[in-house]
Amino acid sequence: MPDVFEKLAKIFKDFPGIGPRQARRFVYHLLGRSESQLKEFSDLVGELKKLVKTCSLCCRFHSSGAAVCAICRDKGRDRSTLLVISKDSDLSAIEQSGVYKGLYFVLGGTVPILEKEPERKIRIRELLAQILERVKKDKLREIIISMNVNPEGENTASYLRSRLEKLVKEHSLKLAAPGRGLSTGLELEYSDPETIKNALERRSGV
Amino acid sequence: MPDVFEKLAKIFKDFPGIGPRQARRFVYHLLGRSESQLKEFSDLVGELKKLVKTCSLCCRFHSSGAAVCAICRDKGRDRSTLLVISKDSDLSAIEQSGVYKGLYFVLGGTVPILEKEPERKIRIRELLAQILERVKKDKLREIIISMNVNPEGENTASYLRSRLEKLVKEHSLKLAAPGRGLSTGLELEYSDPETIKNALERRSGV
Amino acid sequence: MPDVFEKLAKIFKDFPGIGPRQARRFVYHLLGRSESQLKEFSDLVGELKKLVKTCSLCCRFHSSGAAVCAICRDKGRDRSTLLVISKDSDLSAIEQSGVYKGLYFVLGGTVPILEKEPERKIRIRELLAQILERVKKDKLREIIISMNVNPEGENTASYLRSRLEKLVKEHSLKLAAPGRGLSTGLELEYSDPETIKNALERRSGV
Amino acid sequence: MPDVFEKLAKIFKDFPGIGPRQARRFVYHLLGRSESQLKEFSDLVGELKKLVKTCSLCCRFHSSGAAVCAICRDKGRDRSTLLVISKDSDLSAIEQSGVYKGLYFVLGGTVPILEKEPERKIRIRELLAQILERVKKDKLREIIISMNVNPEGENTASYLRSRLEKLVKEHSLKLAAPGRGLSTGLELEYSDPETIKNALERRSGV
């Protein structure tokens, strides 16, 4: 099979969740597109990093052209709260819920268990600098650490808490975590003890 | 194929999650057992309803021989709290978590949406009677309605609240629900807005 | 949980494809049946081995009450052909296809690869005796060895061929195997080389 | 979210087997690549159609630079046999089996059941022209129609047979189909009647 074919299949094989077979089907799919469709695709990929930048404040990807993203510039957002998430798609999910009106910070990763150099896995220095700046400029009062509820997420949260401890104390910040309990779709019968414990301890009147 | 074979296959086909093909494999499986294994199985099935009774208080299945189950008889349990669940396996999951020390009531079902006769689907009269008795004898103070977090579970909870309303008011009972939020294993990226909303609103200091 | 409950759950856990959780759901399912339903189930299980016997000729399970099953007694079947299968459910599948009109022999198992005592895994002595009898009484001419197309099936077929070799030669029998090729639902793209090889070598005019 | 982001997500959503969520993850994946990696990817996509052409004989994709692909040019292949397949990945699977030494023709699609304009779905005119040329130049003698074993594949084969009928008769060609039977991995118990029928009718001596 052609060289360019195999090179493209190899690139697609690195896409998240894609095996060698589907990677090849992607190339066949491209071969079935028109010249102009392929040109558009090629151009978008080529321009992606020129058009999409990392926001200099929250570190999320954005393409507003400015150094700072639309959320960070939005005067209507509550600047006293900072929600720390692992990745852009977490931010997307939370924005879609419409319930959070504060600011964000995207870590750009998680800290694996037993990781020796956590500062190479996440933007910890940028986070510390950002918190300091927000405290001065925006009277930041609360930081919500919102990680996935799995061992790596909890390890990341634990690392963040230890690194933020001094800053939080010095500036009397509140450090918070999203409430644990029963999430939508959960069936009691299949719940783990931890979730049941959280749900019963945090029960509320109805 | 033999009559007794088909009759047994038909019975197995009604087992939860079993299709016609697996039902037949179950019969072949039995045919491969020894006479004494089949006799033991047959005897256990025959005695099941004689040995396993519904507790006259919480309505769960038990085989203590007494009218009242071991949990309901346990003097160490907190008799001021009643946790209402749909089925025995929910109770099992909660007991395994080890976090709840009060009493239970098993509804024996759920109320489907648009159900016209909810009282035929769940033990609502038995629940009302049980609450009244517990108020008198045990100074019951709190009822926790703990249903699955899906439409049918929420419909059942809503029906229970409306039916318990008068009783709760008359006896100054507290009506509660397990806390909603992020459950174990949840990934933010794949969370629904309702869960994110609950988790952020119920965030707590760490 | 009750003793009889756990004993039944343990028995169901040994059913093919059933894990501990579903085993317990089966017991709850039984607890939800009526007394008369459980009695019928218990009776059927108790009588199963009395009513269902192994045919003295083909060794399949049957409940005709006679020593010989309905297929073996059927004068309309072609007695010159014997189809050897591993288990009763293979026989069922073939009977349902309606294409085969000869006789059967059920081995009652397969020969695992590297098995040291194959004669303990399948009814090889009964098969040899049966072939001899069929040769004398029924002028048997062809034996079709029909195993699953996987390593254990092919190992069993290979063992059968070596054990039948002498008998086949002495009585000028024909030893056959079902045709290999593309089966229903197969997609070329996902086919293994062996299947493609068989299919192309055995291509036929249309 | 950025415009270029959404445009790329939309393109990925059209990839085979990709939903909106994974499409977005693909874009995040690209954002995590380096400038040079994106440039390489963009260049390969841009050049794909320049480098990969359709062979003027068999219609498969190739990048040899020549008008005719390496298989069609290979003097060692048996030019008297033409294997007709739906798509390039079928050809790949067959080449990997190593058993076929003749020539190919890629239809570029299948004919859906009840399709009113089959000639718009597959390269039927190109196939007819190709057969005629091969008859004259290469003394073509046999055409093997090799479609998936499912309704759409069989409908395509049936359409091909009717369209090739006249040509086949005029030039005394042989029209063949791959053998049907048990394919690798098949379990008798789960086989359909059609496959069992084919396998038993096409049984062969061992």
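For reference, chains read A, B, C and D in written order, and residue numbers begin at 1 within each chain.
Basically, a contact is a pair of C-beta atoms (placed from the backbone, for glycine too) under 8 Å apart; a residue touches a chain by one contact, two chains touch by 3 or more.
Keep in mind that what you see is a predicted model, and the values were worked out from it rather than measured.
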Rounded to a multiple of 5 degrees, the Cα superposition angle from chain B to chain D is 180
Copies chain B, chain C: same or different interface, half of numbers shared as the threshold?
same
Using C-alpha centroids, which chain lies at the maximum separation from chain C?
A
Distance from chain C to chain A - Cα centre to Cα centre, in angstrom
55
Calculate how many whole Å lie between the centre of chain B and the centre of chain C, each centre taken as the average of the chain's C-alpha atoms.
41
Nearest whole angstrom, what separates the Cα centre of chain A from the Cα centre of chain B?
38
In chain C, what residues contact two or more other chains?
87, 89, 92
Footprint of chain C on chain B - complex, ascending
1-5, 7-8, 11, 14-17, 22, 24-31, 35, 38-49, 51-52, 61-64, 87-89, 92
Please name which positions on chain D make contact with chain C in the complex.
85-87, 89-90, 92-94, 96-100, 144-150, 161, 174-206
